[in-house]
Structure formats: C-alpha cells, structure tokens
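Next come two complexes, and both contain chain A; in the first it sits with chain B, in the second with chain C.
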Partner chain A sequence: MAKITLNNVTKSWGETHVLKPMNLTIENGEFVAILGPSGCGKSTTLFLLAGLYAPSAGEITFDGHNVGRVDARDRNVGIVFQSYALYPNLTVRENIAFPLRFKAMDKNEAARRVEEAAALVQIGALLDRRPSQLSGGQQQRVALARALVKEPNILLLDEPLSNLDATLRITMRAELKAIQKRLGFTTLIVTHDQIEAITMADRIICMNNGEIAQIGTPDDLYRRPANLFVAGFIGTPPMNLIKGEAAGRQLRLGQAALDLSSDRSGSLTLGIRPEDIALVAADKAALSGSITAVEPMGREVFYTVMTPAGPLHALEYGEVVRHLPGTSVGLVCKQELTLLFDQDGRRIADLHVNLSHRADTRAAELAPAN
Partner chain B sequence: MAVAETHMPANTDWARLERRGMVNRAGFVAFILVFLTLVSIPVLLPYLWLLVKSLTLSDDKVSHMVLWRSGAIVAVAYLGALGLSLVATRMPRVWLAWTVLGVAITILVALFVAPYLTFVNYRFLWNSDINGTGTNRTDLMPSVWSALSSSLMFAIAQTTIVTLVATPAAYALSRFAFAGRETFLRGLLILHAFPALALTVAVFVQLYYMGLLNSLAGVVLVLSALELPYAIFVLKGFFDNVPWDIEMSAVTDGATRAQAFRMVVLPQVRAGLIAVATFTFLRGWEEYVFVQTLLIDKSRMTMSLYLFFVSHDNMGVDYGMVAAVGVVYLLPVLILYTFTQKYITQMSFGGIKG
Partner chain C sequence: MATPNLRTHRPARPVLYLLPAIGLLTVFFLGPIIVNGVIAFTDMGENLRIGKFTLLNFERIVQRDARIPTVLLTTLIYVGATLFFFNVGLGALLAITTTAIPERLGSFFRGLWLLPRMSPAVLYGILWIWIADPTPTGLLAQVTSAFGLPVLNLRNDFPLFLIILANGIVGASFAMVILTSAVRSIPSHLSNAARVDGASEWGVLRHVVAPALSQPIRFITLYQALSLMTTYEYILLITGGGPVYDSTPYALYIYRRAFENGAYAYGAALALGLMVIGIVVTLLQWRLTDMRSTFAAPKIEVL
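Let's turn to the complex of A and B:
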C-alpha cells in the first residue's frame, strides 16, 4: 500500500543501456500491468523496484520517500518470480513461512498467517509437500502465498501465469484480481499476454526497447494508441497498418486514394483494426478488393482482402463464412475508428480517413463543411 | 491393397521376426554382461589377492591353493547372483533364493577356505614387535594405531581447510562479476593441470624456512593448497546450478545475503560439498609423495609411510603382513564410500561459464 514514483530512472550494464530515462507514477492500491516484447526491460523495472538492482541514475520513491539506498530486504515488497523461485529444500509450509522468519513474530501468529495465506490461494492441503511434488499451477500459488504472507506494501509479479494451462490461467487471473482488490496492495504485473493485462489491470504500461511507449487504461491503449508501436503491439490479430502519402485532402495508399478528414501533407500510416472493418458489396465502398484467404476461427471468420492499397485483414463475427475466396467485396469502417500516424509514428489526434458506406458518403458531402 | 503390399508382403513370417527380435535383445544383454565382467576382473583381482594373502600364512603352496579356491568361490557367487538378478522379477520368493545362495557360499567358504585362514598377519594391530625378535624394529616402528590416527588427522584437517576455503571462493566466483574473473578461472584449471611433483623441491625449501618441515601441519597446508583449485572449480559448478532467482527471492523475503546463503543456497549444494569433501579426504588419506619428502625423520607416520615401511624390510618382505596392512589401509575408505557414494554419483562437471 504505497504510491510509487520513478523519476528519470535509468539502468545500464556497462555500455548496454537497458532502460532509458523513465518517469512513472503508480497510485496507492492500483493494479498496473507492464506489457511489452521480450527483452524490453520489464523484469529489469520490477527488479529495480524490488531493490535487487540499483538504478544507474534517477530516483525511486515509495510514498514520497526515496528508497534508493534502502536494501531489498527492508522494502517490504512481495515478489513472484517468473520461475516461482521456491526453496526446494523447504516444505510448502516452510516456504510460505520463510519471510516471517525475519520478522519478530510470535510462533502461533506466524503459523496462523501461513494457514491464512495458504487458504487464500487454496493450497491448504499441500502444506507438507515439497515444491518438487507440486504441479506448476500449485507452485505458482505457493509463490503467491509466500509473497502475500508478509503483507507487503507492493506486490510485484513477473509473468506469474506464464507456465499455466489456458483454463488454470483464466481462473488464476480472476483469483489474483479478486485478492488484489480485497487486500489493496499496489500491484505491478509483468506479462506477455495482452488479454491478461487488459482483463486484470487498471492501467497498462506498454514498454518497448527500454522506454515507456504509452501508459493508459486498456481502452486508451486499444482505441487511442499513442504511436505505431502500441497500435501494432496491442490487439490480436494485429491492426492493419498501411503506409501512404498525404496531399491536401487526399491520402494515397498504393493504387488507392482515400479522403482525409482535414488537410495534411507528408508521409502517413493508416491503421485500422480488422474487427472494425465490415465487408459490404464492392460498389458500396470507397475501397474494395477480392478475398484471397478465408480462415474460420470458431466464433469469427478472418478474411484477407487484396485491395489496391495492399492486403487488408478483416474479422467478422459469426460462425458462418459469408464470403468465399475470389469474391469482390468493399471495406467500410467508422470514420472515428480509422487512425493515422505521422512520419515519427505518433498518432495524429482528430485525423481520420473516410471509409464509410457509399450512402453515408453522400450524406457527409451534403452536410455543411466546418 | 497394392500399396499396402509394397510395404508389407503378405507372406511375412511374423514368428521368425519375433524370434529374431528376442535373440537380438538377449544377445545385447549378454554382450553387456560379458563386457562389464571382463572389465571388472583385472580391477577386482588385486583386491581378492590382497584379502586372501592377508589371511593366509606365507607358505606359497597353501596361499596359491587358497587363492584359486577363493577365486572359484567368488566366481560361483558372482554367477549365482547374476543369474538370480536376471530372473528375480519373475520369481515368487526371491529373498529365499538369495538366502540359499548366501548359505551355499558360506558353506563353500567354511569347507574349502576357512581351515587355511589365519589372523597372524594382522598381529601388528596388537603388537608393534612385528617380527617377534624381541627388540628388533620396535624403536623405529611406531604402532599402526598412531599411524592410523596421524593419517586420519591429516586427512580430516586437509578436508576441513579445503572445504572451508573453497566454499566461499566458489560462491564468489559463481555469483559476482569482477574484473579478472575469467582469468582466475582459467588459472585455477591450469594450476590443477600442473604436475604437483614438480613443486616438491620448492615446497621443501619453503617449509624449511617457515620451520614447518617435519610437522604434519606443514604437509597439510601444502596439500590443501594443491587441492584447492580443483575443489573450487567443482564447487563453482554446483553453485552455478542454484538459480539466481531463489537467492534474490530470499533477499526480498527479508534475509541478509549471508542468511540467504546459509538457509537457501548452501542446502542446495550439499551433494557437491559432500562429494568434494570425500575426494579431498581420500587424497589426504592416500598421500604418499609429500609426506615421504616433507616428514624427514619419520617420527610421525601416516598409513602410507607405514605400508612402505612394512614392505621394505631388509630381512625379506613378509607379503602376508604387507597385504594385511593394505587391507587395514583400505577399510576406512570403504566405510567412507558406503556413506557418501549417494552424493558422489550426483557430481557432474559444468563447463566454464562466463
């Protein structure tokens, strides 16, 4: 239960600059996910907070106190390592009780707390086993119980669900979130899994190459990505991104030209999510093409459409394949859902392209220009 | 149908193929057994000779006969045990069969070998006047017990020093990056590769100036120094296998670095420590060259020197007694191994990791 701030924190090993200057505030009791590709510095950030690494520059504060010189053991941080890092020579009970050994605590009180933490993650029946006698999911719960038992101010989770099967992962996701809300620790979770981040976290930090690409609510990252990296990284299947040239009101994309919502010049990248594209009759849309691949994926169908602007992906909900390969279709999308990024990859707010249904186009033309 | 026939002719003789498979498998097992047996014979024969010789009088004819007979009995016991273990899984009361074999061997020994055995060769254990000539070499010859205790002290001291120094050194090498770490590791390897005998003279002179010549402590220090590189190297491999996460987890749980080492890391390298300690102990126990050179006046004797002494008698060598001393020399090693072999088999060597 602490508010965390990072002021221009960097980390480098010799010439390898792993973290570029990083600024960040995490509110008391917030659940924040760190998302990013492998090697972007997620674990490094956690270890800096835990005090296992010393920052090369900058300051880290907990509740306004600079903790730069505070040892890891005194920070009262609970951490679940990606590998769980259970002590193989100790039983589950001893593992969970381990952090309490270093606190002046009555034996009965300690035993009670261990039972409590074990009950919280539902491993009460396994207390006398060794870690090697547990399944991956059970080990993960033990690691969580060990992190929770000392009632930490901050809970750090490094890909804690990565080794679990899909079903268990969904259960643990819900359990973790419930526990966090109930006990109110400030929590940071590192994950590779976007769904995990989106479903659990209040806010998501998207990192790339040792830098924060964007911080925001799941909706911010999904609907209003700050830059091309976030746009491409968040969402599966990934966003369609097409490079083009703008001149005046027109955006040239390959052989196609689309109308812009306002004047612009220079290189632009258009981004549209596959699930935002609707397939209509070819003559009803500004952009059309022929379907080259159809992949039914259960509750949705994934189409690849070859258009004059390049190949585009579209996702249609429903189990029925409504268009066959070779068919010509038109692609339409709500104007506000089309995103445009400038030369440096930053999103330009309030700039869109017109990909509406033909009927709407006329309506737009008739409306007074502002 | 036509396709299937190209793969599997209709007239396949399955019974023949089955027989061939069984013959092949049996042949493989037989080959392994014969090979291992042949390899073991030259290794084990000297020990049989030692045991038999130490228990018979120095009459050549008798001792030859006993040697042949016990060889035959060992062969019978070996073949019996082999046969039994091959059919053990298919037999109802296996323990009964083992008991029968045990009893049969005991009877064979009692009938054909036991009448010729004697403990006379072991007289040095209770009587240091080993030649029975009144005064002969008693002044020169310390009792075997003092030699045994010297050897024991020597080996234990060396083991203690080596493990106490090697453990923190190996841990530091495994965990902390510092300038010259690579070089240090390579250095360790080279030090271990050098023939230690080349150092005898240098060590002799050095100990002379340090005033440690003729003292067991001096030899212990020298041998510890020689054994250290190897011990550090092996232990480092064990420490490398302890995940960094686990240690860091202990630190965030509130342990100091020292507590984390003691409570979490050390228990995980226990097998390595025991293996290294055992090998160091054995090196100390068998050491001959350095004790021979550095303990000049032989007032303190280790078992290796004692054995040498017994076998160099100007009145003619008493092979029976040499063998008996050899058996006494071997016994502690055997005992040590039975307790520690479980850990030693876990020992493995990692490469140099950066």
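Let's turn to the complex of A and C:
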C-alpha cells in the first residue's frame, strides 16, 4: 500500500507527446479510475506507474520515494492486463505462484498464499488447470489472484472488464470493489467505460489528449464538469450542448433567447442533461418546441424536441409515452442544473439560464378571463 | 411449351484432377523407392546388369562391412553436433538476438545469415575450401600467420569439425526464420506481466520466450535431423568425405559405395537402411515430443 504522486510527469515517443505534464496525488488505499477515450494517454500513465515505461521528465513517487528509474520488477506492483496475460505453459497454481518465485519465500508460505489468493477470487477448484482450459471470467480471476498474491504496493487494472460479457461484468465490478475495500490496496483502474469508473472508483481522473481534463468524485464529474469535454464525455445519453451568444442579460441560441442569471457577453455553450429537462405544456415554458422522435427504452422514454434553439433531447422516467410525435411541449429545467461554458470550453461557475416555469404564465392564463 | 434441355450436371471425377499430382509422385517419389528396393536384392555392379537376386548385400552390411560402425558414429556426431550447436542452438540465438535489437538492424543481420542458403552450393563449398586452405592464400592460414600461430589444416586434421561448421552456418537460418516469427508472436503484455511479477530480462527469456519456442524447436529438430541425415552435398564438395572415410556420414557413404566403387546393389541396400533409420527416428520423435499437439489447433489466448 502506498501513496502515489506524479510531479510534472511527461512521456514522449520522439516528437509525439503522449502525456503532457501531469500532476496527481493518489492517497493510500484509494480506488481511483482513469477514464478517457482511447488514445488519451491513460494506459501510458498506467505503464509509467508499473515501471514498464520510464517517464521522459518529472517525478513519480511511492510513499515519498522517487521510483522513476526503478525497474518494474522492483516496484512491487500488481497488474491485471486487459488480455489477462496468463502464462500459457503454466497451471493456474503456477501462474498465481509466479511472482513469489522471485521473492525469497518459504515454499510452504508461498503455497499457503497461493491457496489464499485463489480462495479470495473463488478459483480454488481450478488450481491444476491450464489457462487454455478456463473461460474468460475464470482467466480474469486468475490474473487478479496473481496480482494480489504478492501483496502489491499498488494494484493496477488495465481495462479488466472489457473482455467479459455484460452480466459477468456487473458481477465482477461489485466483486472487485469489495475485494479492494477489504484488502485496502491503493488501486488504479484504467477504463474507457464511464459506468465502470463511476460505479467502482472513489475518485475519477478524466483524461483527454494526454492531459487531465478533471479530477473529482463521480458526482463532481457528473454534476459539475469542469469543461465541455467532461460534460460531453460523461453521461449516457450525452448532455445537450448548444452554442450561443450572450449580450447583457440575454443568451441568444438560434432563434430563441433565454435569460441569464447575470450579465455576460461573448460566445457561450449551454449544457443541460436530458434527464434534467421536464416536458410541460407549451405555453408554460420559456422554451418550447415540437416532438420529432419518441424512443421508449423500457424504464424511460427518450424524446427529441425541435426547438427554436435547436434539437434538444429529454429523458422522462416511467414506461408510459406521455407525448406523441408532433405535439408541442415546453421545456423546463431547474436553474442550477443548467450549465454554461465559455468559448475555451471552461465551465463558468454560478452562471445559469432561466428555464423555469414562465413567470407570467399565471397572468397569461388569467388574461382571457378578464 | 418447349422444355429447355436441362443437362444433369455430373461432377468430374476427383481422380482426374489429382492425376497430374499422382503421376509426379509415382514417377519421382514412389518409383525410385521401388526401383531401389528391387536393386537392393540384386548383385548389380558397374555394368548395371542384374545377375541374380540375393540377400548378400544385407549380410555384408550387418556382418562384413568394417566401415559401417565408424560411418554410423560419424553420422551420429555430425547430425548431433550440427543440430544442437547450429541448426537449433545458433538459430534460436539469432532469433532471440535479432528480435531484441532495433528492427532494421535485426532484419539486416537475418538477411546476412540467409545469404549462404541463397548462394549455390558449389560456390559455398569453394568458399569453405578457400577458408580452410592451409597454403598462404587460405583465409584461416592468413589469420593464424598474422597472429604468429601455427597453420591449421582443417580439411586434413579436423574434417568432421569443418563439415559441422560449414553445414551449421548454412543450416542455422532455417531455425532462425521460424523462431523469429515465434518470438514475434509472443504477445508483449506477457513479457510485461513477467517483468511486473519480478522477472529480470533473463527471467523473461526463460519463463516467457523459451516456453513459446519449445514447440517449434521440436519440429525443427525432427525436420533438420532427417534433412542432415540424408544430404551430403556440402561434405562432398568440401572434404569429399575424406581423408579416407573420416568425414563420411551414412548418406555420403551410400553415394561413395554406389558411385565411386560402382557397387550399385550394395548402395541400394544401404539406402534402404537409411530409409528405415529415417522412419524409426521420425516415429520415435513423434512419440517422444508429442508432435500431435504441435499440429493440433493452436491454443490462442481468449482476447
């Protein structure tokens, strides 16, 4: 178990800068996910921590010791590779025992630890098989046991669930999380699957183009994305993002104009999550439009609404389709859930638009009665 | 209404397609074996006439030919040493080293090692004669005299060593090519896993690379053993099997008996013996090295 820090760590292959200066602290016993699209530098970060790559610049420390030039074999790191990387010529028992070969360890003690690790991941009955005789899920458990048996400083998981079928993935997700909490190893999981990162990790490092886009709890990333990349990457279906121009108190989006919570000028991007939009009667909202697509998805219904601001997606919970295509609806959203990003893509804290029920609705309704 | 004239489609007999191949096999493979088998039981000599059918040739091999034990020993040393040190050992070493260095340099070296295989056997033989020539024009003689060392006459004093070296250097490329692709096919994460697990580079070689090479090495050993046992052109060119019979393995012995001494029937009988040895060695290795699994469907890791 160790506390890990990265100080201005970079990695380049010739002219290609895979990792821009990176600063990061992972606390002892923490479960952290590195999340990002492929090619964002997340696996490179993992290999740097494992010692399989040497950093081009910067400092990597485990518990305060600089390990930048320490070989992989001396870092006491456990890795579960995406393809599991089991030794095909060895039995399951020999595979798990493999890291212990290189430690001066009593034979009986080693055998005991192998049994223990195998029991932990529930493969005690498979110890005499060879990897080719195992299913994907079983191979992964063996790989996990092999990584755990040496009681590593840090446990690195490289897309560990991506080769499993959907059902098994859900099981393993919970199991990995439970094992990590029980043993308390500092754990880093690399994944492109946000569900994996959100469900398992205490903190998520979201990466893009060799840079950290945001570090935070799953809730931070979901509710308070630091920039447009995180806003668009996290969440399925993705957040609605509409470009507009602000002048004074007004935000002009296409043919529509919305009220801003404070004065602003210049290009802005409005972001609203589909599930935060409520569909109401057309005359009760500042923004309205007509429904162009209805997609029932079982637990929820996904609507596409063509508004003067452009097409917007809305998600309503419940199985019932309440609005048919062609219907006019109004779109409302709590003010604090509307996010605004400046022209560099950074979110502007405390700036929102007013998409609540129209203030003059009551007056408009009452008017004919007068 | 006119019914179209539908001709029932009759598939051509597969035998017709196979006929050319069957013909070639019969004329060039099966035929010689049968002819050889018949001649082995005759007294055919230089005049190519068959006087009578006899078992005398076999009696001579087993009881009267005093050279046979020496020839067999020479064959064993020649095949064993060439196979172990060069055709497998050097080949594996080349495969491992040329894949560890930068790609272009590695390809260059492998290309160099393939040159002797591409050059005509006669040229290669003459080169070795020049290298081993004890006169001042010989390469080795020039090197040794430059260092003030006595001149070695390899062809006279160490003929077996010379033919092992010459055959080995040309033979190593076969294993090199096959093992290079075997080394390349090892997934990189497997070596990485071993490094993370605490293995040194030597450990990676031992625990990851070596197991991956063991199957192809078994195949190479079998294949090259048979090929070394039956070919002799370099030996014939470089030492001629001499001095006397010092560098004459079994295959060359057959040639020398048949074509130098004109004892065709005896040569045919000896050749029959070689065939038997070849079959026995193949079956034995098949049994010992579990060759069936080599040719079975590969066990590829689940991705």
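Just so we're on the same page, the second predicted complex is superposed on the first by the 358 of 370 C-alpha atoms of A that agree within 3 Å, B and C clash if a C-alpha of one lies under 4 Å from a C-alpha of the other, contacts with A are read in each partner's own complex, and residues count from 1 in each chain.
The working rule: contacts are C-beta pairs under 8 Å (C-beta built on N, C-alpha and C of every residue); 3 or more make two chains touch, one makes a residue touch a chain.
Since the model is a prediction, treat every value here as computed from it, not as a measurement.
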Chain C versus chain B on the shared chain A, clash or fit after superposition: clash
Chain B versus chain C as contact partner of A:163, first or second or both or neither: second
First (chain B), second (chain C), both or neither touched by A:132: second
Which superposed partner A:83 touches (first chain B, second chain C, both, neither): both
Partner chain in contact with A:99 - chain B first, chain C second, else both or neither: both
Touching partner for A:229 - first (chain B), second (chain C), both, neither: neither
Which superposed partner A:303 touches (first chain B, second chain C, both, neither): neither
Per-residue touch tally on chain A - higher for chain B or for chain C: C
Contacts of A:185 with chain B and chain C, given as first, second, both or neither: neither
Listed stretches 6-14, 78-86 or 294-302 of chain B, narrowed to the one that overlaps chain C: 294-302
Doubly contacted residues of chain A, that is, touched by chain B and again by chain C: 47, 50-52, 72-75, 77-79, 81-83, 85-89, 98-99, 101-103, 146, 150
Interfacial residue positions of chain A with respect to chain B in the complex: 47, 50-52, 72-75, 77-79, 81-83, 85-89, 98-99, 101-103, 146, 150
Residues on chain C engaged by chain A in the complex (per definition of touch): 187, 189-190, 192-200, 203, 207-208, 211, 214, 299, 301-303
Touch list for chain A against partner chain C, complex: 47, 50-52, 71-75, 77-79, 81-89, 98-99, 101-103, 131-132, 135-136, 139, 146, 150, 163
Residues on chain B engaged by chain A in the complex (per definition of touch): 243, 245-246, 248-256, 259, 263-264, 267-268
